[in-house]
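The first chain written gets the first letter, and so on, giving A, B, C and D; residue counts start at 1 in each chain.
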Amino acid sequence: MADAQHLNDPAGDAAAPVTDARRRHDPDVRGFASDNYAGAHPEILAALAVANGGHQSAYGADDYTEHLQTVVRSHFGRRAEAFPVFNGTGANVVALQALTDRWGAVICAESAHIHVDECGAPERVGGLKLLTVPTEDGKLTPELIDRQAFGWDDEHRAMPQVVSLAQNTELGTLYTVEEIRALCDHAHERGMYVHLDGARIANAAAALDVPMRAFTNAAGVDIVSFGGTKNGMLFGEAVIVLNPDAVRHMKHLRKLSMQLASKMRFISVQLEALLAGDLWLRNARHSNAMAQRLAEGVRQVPGVEISYPVQANAVFARLPNEVSERLQKRYRFYFWDEAAGEVRWMCSFDTTEQDVDGFLAALREEMGR
Amino acid sequence: MADAQHLNDPAGDAAAPVTDARRRHDPDVRGFASDNYAGAHPEILAALAVANGGHQSAYGADDYTEHLQTVVRSHFGRRAEAFPVFNGTGANVVALQALTDRWGAVICAESAHIHVDECGAPERVGGLKLLTVPTEDGKLTPELIDRQAFGWDDEHRAMPQVVSLAQNTELGTLYTVEEIRALCDHAHERGMYVHLDGARIANAAAALDVPMRAFTNAAGVDIVSFGGTKNGMLFGEAVIVLNPDAVRHMKHLRKLSMQLASKMRFISVQLEALLAGDLWLRNARHSNAMAQRLAEGVRQVPGVEISYPVQANAVFARLPNEVSERLQKRYRFYFWDEAAGEVRWMCSFDTTEQDVDGFLAALREEMGR
Amino acid sequence: MADAQHLNDPAGDAAAPVTDARRRHDPDVRGFASDNYAGAHPEILAALAVANGGHQSAYGADDYTEHLQTVVRSHFGRRAEAFPVFNGTGANVVALQALTDRWGAVICAESAHIHVDECGAPERVGGLKLLTVPTEDGKLTPELIDRQAFGWDDEHRAMPQVVSLAQNTELGTLYTVEEIRALCDHAHERGMYVHLDGARIANAAAALDVPMRAFTNAAGVDIVSFGGTKNGMLFGEAVIVLNPDAVRHMKHLRKLSMQLASKMRFISVQLEALLAGDLWLRNARHSNAMAQRLAEGVRQVPGVEISYPVQANAVFARLPNEVSERLQKRYRFYFWDEAAGEVRWMCSFDTTEQDVDGFLAALREEMGR
Amino acid sequence: MADAQHLNDPAGDAAAPVTDARRRHDPDVRGFASDNYAGAHPEILAALAVANGGHQSAYGADDYTEHLQTVVRSHFGRRAEAFPVFNGTGANVVALQALTDRWGAVICAESAHIHVDECGAPERVGGLKLLTVPTEDGKLTPELIDRQAFGWDDEHRAMPQVVSLAQNTELGTLYTVEEIRALCDHAHERGMYVHLDGARIANAAAALDVPMRAFTNAAGVDIVSFGGTKNGMLFGEAVIVLNPDAVRHMKHLRKLSMQLASKMRFISVQLEALLAGDLWLRNARHSNAMAQRLAEGVRQVPGVEISYPVQANAVFARLPNEVSERLQKRYRFYFWDEAAGEVRWMCSFDTTEQDVDGFLAALREEMGR
């Protein structure tokens, strides 16, 4: 039997394995639509091969997931524990359920991803009530929190139990370490926990030039949704519990939330590849740098206005819609607020200087018509 | 900047990429615990590299997911549509929600994975009521269905709207094509849809030696949870809608169920690698054949009794618990029903003849003590 | 056996029945805290006795619930169907579930009761996502709706399927008939249904001096939460379906939402007592009139400012907090927004002119200190 | 204004108040369909009038609900606390949620009301997983519990956290005090709480001739769904917490479960009327006695077989279906298992000896044809 021969060589090292899958895209084409449009970093793919072959216990009882704890603790302190999950929605909803009772509510910005971009998963899967506050730049403040932080004894009101913030925010802005510490103190004094949606946490650390611990465990954050996918992983995120006293039975919670990977070694080894060395930081610094290069170029183009401080890997800008539409035929990107003429340009780990310069040339050209 | 250089070469073809992840396991060690303990088939890993590089629209608007539809239709008919998801629990809960109203119930075997192995995800995420029936061998019959298929007009009773069956079953048994057709006719006549949990659907097709369509769309099944992970994928399954009239807004349902992959191309290309050629069949035939080899060997060992017909890649057997416990120190496998002295031995795509023969020798040795 | 004798006379008409329950409150003390603080109107209590005695089918298959449909249709048109439920939260959550899919969202005012006063029941019981908009006076407009009415094809966004408005609003304000018609047209043109939270619907009709149908079925509303408790019932509300094409299997939905009364005749006969004659209108006119009397008096008191137009049975006012606190020792009422010095004074069906005049005297006295 | 006059006399004592509701049924017709078909006991109606009039704080902060605690403690011990709710489904789902985490499961009999008669409310509202066991007579045993009580550390399995039993059971059978104590010990030793569905708890106490405390708090039960409606109340049940250490924030839980009555005094005063004296016991003894009279008569009818021990107010019997159908034209009752020719005859607080004797005569007549 021919296949038996083949199957006896599962590592397939002898030669590059063939596959029936066919390349269907141009690997040299990149846009500015989302860091999710990028593929996986080559070191991530290489890590998958490292973890492949042989048998490893499923559902997280494998050597890679075990080792991941050591890696994660080097970043987030000795009490940290990582629970790999599939995606960001899953990480957020598992983390928020872990911190709330059936009657709990979560205070967050009106622009929070958990509120606007998860099709109601927090409500539908977790039965969570979100109490939102409008913000100027996606950032909560103690004063803004207080607009929803009241009524704990009032059974008519969902009980505020968690403050959820995103670092960096969905608008590309950053909290300082001190701001997060103040938010955590404020929340804790009121008996609430703090969740940090770190879909782009590496970009935040790179931009602030501090270790991730500085604005998470050291600042008082209780739980983090750690983002890997947008920073070069194939797929996979992790709920990182920083305050183990705040949670119970995380494994059951992950499982019932349908976020338990059977071959978990393949998420864990990607996280190891990202976090054991400096890949997480290299990728984040690079995408941040590309956004800075882009922002600098944009500032030179009359008629285009940058909307928010460019602090991570996103540039929000306002320009005539008809220009944006012509530009979209040459580069992929999204309108953020079409009524306001606002677009979002995201840089990713694989954005090149040539990509940025080419895009700027196109922008100038289209603005000039 | 050193990393910029590196990042400008995202395909990394020039040489094998390095990674900070380290190998932590012996790739030559395999057991009989689960087909989830196996890694990924080399052709699957190769497919990931094919889809990598450049930018592709996220969330399923990519060239690989688009092409996947053609591949899936070649197996499941021209009305079929595939919705890649992360894992089996997710596939099942998305599929079952798609076929039910808020008041709906699902009839299934007491041994069904959706009932015993998903930590209540169908109930908690989907608000689904499961109406179970005891079976002899994991297989439903029209008569068994009728034990729960009544009371559609009675508001006190959750309304039976779906029959869910597993092919092959959790006990390693198989429905014939005719049996599934009869179940589907029975369900449809009573206004119910049919869901097939195909976590090991390829093993079933291989064992029956028929195309997958024979016992799915051609037999009347409305929706399938297509299993990829257990058959050699890294991760990833698909909800395959066979009867588009039975469902609406599948994309919203997948998203709110937290099963939407941002870099979906990497699930889709694995499914393509599996299904475009015969990898799905080679893998399934191989694991089935290894189970047959194992069963034949076991039958020669006095004192060990095989519990169910060995029809796919699982062997259930009864032997003294103390022998099982000694054997578990040499090979990983699970008790299925410790009180009854029953164990489960699973073969996978990478099980070798030597693995089986070595295990049989160990079994004989431990039985002989 | 003594009790058998007694039990053979279930109607107990011969003499006033005794009870072991003891009066524990002063029936002459009334405040301005809420129309929920009032008891039941005597005609309502009398109706309970009318329906009592003998056996009637449980769960709504009784003669009173059947007749209720005729009564309800005389108010809400021939397509209307009433589903009695226990309370307002139940009515709202059943109604909203009836109009939404698993992926649906409900657009409502930030001040809506369903958002601020139901402990997250819509989210937790119904899995509903609420999309809120800030308003000046509790009233939605087409423009305000449009701030959330978009993105139906975007699976990342909960799909707007319902506009929910309250008549009168939680701030005591009223929509005109034309305003509701415009909202309904706007919603329907966008494929959305309209839910009207009519916890105080009778007060609205009385204030507008139009039949309830004028601003419900005749204006395009699809479903109503009809409020009975605040208007003199002991307990009980009804979901009134005006557009039967918008809903399915209401009975199952009510049951699974735990709003199915076994002895439903006792809710239905209260609704009959309210709606068959003019009790609903008498009660509502009376509480509205008392609020007008109160408002007129308040306007004479220097230093007290009325916050919103007094259009139904609520008066919102601003005055010094220390005055309010002294006044609360004499009459029960609530702060609405303590930070803003705002209080709410509610009149009910049993508020008397003496109550109002006494309260005004106390207010003048406390303001004068 | 005429109505103001009327409204100034809210107690309406002067003369019997009129109402627009009309009597639509024959108060002398009673059947054997359900104790839910009966109306309210006259002493209950009288209690409503006692609590009516004047203003009382809504949502349970009234004098009647406060006093109810004293009454309830006289029955269930000094740690007991009662939370009035609307109906039995509500009581059960609030109680079970109170004892479970998001990952919890409830072990119950296959015949349990929570499993077969609540349209999935436990699953849909509470996200609860029910783990059922078949029983002979509706009663759990420690051995039966053990068929589901395992796997607490296995995240794939919903975690057994509660054993739920009904006293008396849905089949009219009773646990002895010792049996309940043994079940509670068994559950507690395994870290599980015990919920008692007491929809007919008074019938159980009357039949066992022991105080209700004997088989609840004194036997180790942690929480009770106390049934009032079936024993003569108009509507209303109570969750009675016996072990306050097992629960938290019951008020929030009741509210979010849509079981919070605004005019709660009217539930509480009914419970007081039932429990302050012996009405609860009189009613229960009477309905039990009527069932005994019925059973004795049935035993004299050749061809009719009683299915279960008649221990409370239900008689289950087997007889030819055609006889049952003819009999149903004369008296209302339900088939329990039509395939098995089994019917259920329920007695209620208002069943008379004449009712029973008339029914027996009709049964004899129809059997004799």
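By definition in this document, contacts are C-beta pairs under 8 Å (C-beta built on N, C-alpha and C of every residue); 3 or more make two chains touch, one makes a residue touch a chain.
Composition by chain, UniProt nomenclature: A, B, C, D = Low specificity L-threonine aldolase.
Owing to the predicted nature of the structure, the values given are computational and were not obtained by experimental measurement.
Chain pairs A-C and A-B differ in how many C-beta pairs are in contact, and the one with more is A-B. Chain centres here are C-alpha means, and the one lying farthest from chain A is D. With each centre defined as the average position of its C-alpha atoms, the distance from chain B to chain C rounds to 51 Å.
Between the Cα centres of chain A and chain B there is a gap of 29 Å.
Averaging C-alpha coordinates per chain places the centre of chain A 44 Å away from that of chain C.
Residue positions 59, 102-103, 118-120, 124, 127, 155-156, 158, 252, 255-256, 260 of chain D are each in touch with at least two other chains. Listing the residues of chain A that touch chain C in their complex gives 102-103, 105, 116-120, 123-124, 127-129, 132, 155-158. Across the complex, chain B meets chain A through its residues 1, 3-4, 6-8, 10-12, 16-31, 33-34, 36-59, 62-64, 67, 86-90, 93, 118-121, 124-125, 229-230, 234-235, 252, 255-263, 265-267, 269-270, 272-273, 276-277, 279, 282-283, 285-286, 289, 332, 348-350, 352-353.
If you check the complex, the residues on chain D that touch chain A are 59, 97, 101-103, 127, 155-156, 158-159, 248-249, 251-256, 260.
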